[in-house]
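Starting off with a structure, shown below.
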Amino acid sequence: MIIDDGGDLTHWVYKKYPNGFKKIRGIVEESVTGVHRLYQLSKAGKLCVPAMNVNDSVTKQKFDNLYCCRESILDGLKRTTDVMFGGKQVVVCGYGEVGKGCTAALKAMGSIVYVTEIDPICSLQACMDGFRVVKLNEVIRQVDIIITCTGNKNVVTRDQLDRMKNGSIVCNMGHSNTEIDVASLRTPELTWERVRSQVDHVIWPDGKRVILLAEGRLLNLSCSTVPTFVLSITATTQALALIELYNAPEGRYKQDVYLLPKKMGNTDK
Amino acid sequence: MIIDDGGDLTHWVYKKYPNGFKKIRGIVEESVTGVHRLYQLSKAGKLCVPAMNVNDSVTKQKFDNLYCCRESILDGLKRTTDVMFGGKQVVVCGYGEVGKGCTAALKAMGSIVYVTEIDPICSLQACMDGFRVVKLNEVIRQVDIIITCTGNKNVVTRDQLDRMKNGSIVCNMGHSNTEIDVASLRTPELTWERVRSQVDHVIWPDGKRVILLAEGRLLNLSCSTVPTFVLSITATTQALALIELYNAPEGRYKQDVYLLPKKMGNTDK
Amino acid sequence: MIIDDGGDLTHWVYKKYPNGFKKIRGIVEESVTGVHRLYQLSKAGKLCVPAMNVNDSVTKQKFDNLYCCRESILDGLKRTTDVMFGGKQVVVCGYGEVGKGCTAALKAMGSIVYVTEIDPICSLQACMDGFRVVKLNEVIRQVDIIITCTGNKNVVTRDQLDRMKNGSIVCNMGHSNTEIDVASLRTPELTWERVRSQVDHVIWPDGKRVILLAEGRLLNLSCSTVPTFVLSITATTQALALIELYNAPEGRYKQDVYLLPKKMGNTDK
Amino acid sequence: MIIDDGGDLTHWVYKKYPNGFKKIRGIVEESVTGVHRLYQLSKAGKLCVPAMNVNDSVTKQKFDNLYCCRESILDGLKRTTDVMFGGKQVVVCGYGEVGKGCTAALKAMGSIVYVTEIDPICSLQACMDGFRVVKLNEVIRQVDIIITCTGNKNVVTRDQLDRMKNGSIVCNMGHSNTEIDVASLRTPELTWERVRSQVDHVIWPDGKRVILLAEGRLLNLSCSTVPTFVLSITATTQALALIELYNAPEGRYKQDVYLLPKKMGNTDK
């Protein structure tokens, strides 16, 4: 059997020991990328053993996103900036699972939290959870902290960074490294000052400083830690998937990619 | 001994049976008004037995204000208007104990809550608890509900009522009946329509309706109930005060007004 | 076109004017029952126009369950019993959307909340949201309030009702009327005393009273009101579905039951 | 004028330049210790200028205790142990301002929180805020984290440490360094293992490990940082006190220790 994270082992076996699959009963994969590669193989008709998609199980998704981010947003901001959350005005861009975690945590710490969201259902949820849904431009001049978690590109533009307050913080909790248009800040008229690991002051000609964390990369990966509890819950899910594949009677799983059975963590509740 | 609520019994004994005080070991009083009358007697040198101020004990103050109002604001609004709290914009005028209770409850129900407050310390507390502190005029056009709990007069003026949205609700949780300038609404150009007990629609010439609860009197007294638990906790405090006065060794209490000893409920934590 | 709630109109047209369907472009249905009947028709190959399932749209599900119950659990309990929530011990049976709403509301009001849940994923969510997940028997003797929202039968048995505290409250927020085994309470040794509308005291031979609300029927329907906002949001969703069906180009919808397109409220976020 | 933190400068001037007080208009002091020394001087009749007690102003007390600890408990635990808060069982010993901050933060992060408290009023507050008030012995075997904030000695005894779970964490947020009986852990049968700065594993003969933070000293001082915002608010309060003393008309302040006037931060709300 193969237990994989990223699909590299699977790829390597395909390349080096293609005959090995005759003796392999299945693949268990936990990452977005690896799962994506498995679905491609399956679509191309090249998947020769059953595979289990652990990445999309509830235990992985909820922990990686909602529960982890609820804690790591606070942790990441504290370790890098020592900012006090109480009374701060914060805008969170995106109200998916990550955004829900970030807003809940900051609200509980006494921050005044705004949400930007283009999806109407997520907007409605933000609203019913007590957050003002705004356009970024409406609050850009008054917020102390901007957090992106949309999965989109250039959510915070140079034009918006130009209008931020002196001393405000901007960071990214989303999926890509391009949510904040960091490239636009690498221009001659702006000075960058590295004040400590993962923390840059970007300084405007008039002396205004914006605090950029992790150069726009993921705050939760760069500036906080992943609790061992979360690692162990993901590993446990993989182990369960492994056991399921190994013990499954002939014919239950074909040469396809499967989600875990519901009792093992696959439900959308 | 005298156990009193409002000071009327005390007053009656003073008037009718002044000699009775020779046999009376003390007075226990639970209301603001009654306590006020006792302090006046004491100041005038006319208090002839020890008196216990139960009104200012923590068990009474916290329950009457913070804990009760946290529940009765929701109850009072629901019973009168069936309003859904989630997503509503609410401004709470005053951030004392009553305001703290109201804001906490509405925030938890998913309302977007603003606070007005003139005391700098209370403002700071509101801010650190995650509420935007505003001037009423800043938000008057956008809020769905106005709640007053300041203890002051004319906190909501006619001019402000003129600018409220159609369908918005205005009510009073404070100490007096004059926080909302209801008198100013009794003018010929406005029509009043009683839609049910304690609920009036005040209708502007252009058709705009503002929902006024309890004609500006206290919502928590007029439109919700007091849980028996709260009545019993106040009665218990009075009973404890009674026992303390009765059992106190000669000389512990003089002809003055006393707060309960700390172990019996008097602390400012 | 047909706009229906419960499927009765659809049924009536089928029976009386089957030819009418030649001129009908579609059906829009908002209830669980009506949707169930539509799927049966579809399965039997008898559905002769496209139908839109509004019941399972997010705007309906989230509002009917999570957002409404978060408010109606408090409202229903207050109107019937005037109970103070602060400091009360409450057990909520079931941690689906209804359970999530009930627990969030009561936690915010200062209740100490326990959850029972058999689904492992929902249990994990309850745990990560800060609730102790217990078996009902572990807490039955200490809780002040039991709330059922599981959708199952006999979640609270006679044996458990026998062990409840004097003065405790039991009510049902779930889907059926049989979550509490009320039938088992209709025995000669127990006395029922109707104290007010929707409120019965069931009295044990030793004098213990348990307060049963709405005779075990749904508290949110029997003892609280549905905000007009929720009615209007469901009606709006139906109207949108109607417009979609009416305007859809030939061939987009066949003789089947459809969920709303995502932009109109169908997503599982 | 003298601006002091701890009373050392004041002491030094008393000793070296006692005549200097002829030219000094007042002392401003911000620490508990320094204020204590001033009150002693005053009582002994040796205070020769007015002094302002900044320590007991609301802006200092609320920030040092409630607001700071609400954040630093999370920060201190994360930086030292990377523990995930969601779903953890935590007992907080003491429900003063520090305990209120710690419990609020952990509850918001999804921990199941118990409180121990001997003061009846604070117990009642904990209860009304939704925490189960217990004796430490009732929960010692099940909790994952113990946090002390009582100001008392030996709140957690060796006997209790013996009964803690493997992997549980114990730390101190209170006033003294003796809340946890750390001395009792320095015995031959227990092994100490320093796993990183401020973190010791104390290992029992059966292999059980208890994670002791900062050797029982204050977690918020040892393992987290004080936001500059808090330092600046205290400094601002001192500056205001300084200005008040300097500008006060002759006779407003005598040779005594004063609290700040209410408008400058002294109120007990």
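Order of writing sets the chain letters: A, B, C and D. Residues in each chain are counted from 1.
The definition used in the following text is that a residue touches a chain if its C-beta (ideal position, glycine included) is under 8 Å from a C-beta of that chain, and two chains touch if they have at least 3 such contacts.
Predicted model, so just to flag it, every value in this text is computed and none were measured.
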Report task. Quick one: how many steps at least from subunit B to subunit D, stepping chain to touching chain? Result -> 1
Query raised in the report: Per the centroid of Cα atoms for each chain, what is the distance between subunit A and subunit B, given in Å?
Result: 47
Query raised in the report: Just how far, in Å, is the C-alpha centre of subunit C from the one of subunit A?
Result: 34
**Report entry** For subunit B paired with subunit C, centre-to-centre distance based on mean C-alpha positions, whole Å
**Finding:** 36
**Report entry** Touching two or more other chains - residue numbers and ranges from subunit D
**Finding:** 67, 86, 109-110, 124, 128
Query raised in the report: Considering only which chains touch which, how would you classify the arrangement: line, ring, star, complete or other?
Result: complete
Report task. Flag every residue of subunit C that touches subunit D in the complex, lowest number first. Result -> 86-87, 107, 109-113, 124, 127-132
Report summary line: As the complex stands, subunit C meets subunit B at residues 67-68, 70-71, 74-75, 78-79, 82-86, 104-105, 108-110, 224-230
**Report entry** In the complex with subunit D, residue positions of subunit B that touch it
**Finding:** 58-59, 62, 67, 96-97, 119-122, 124-125, 128, 263, 265, 267-269
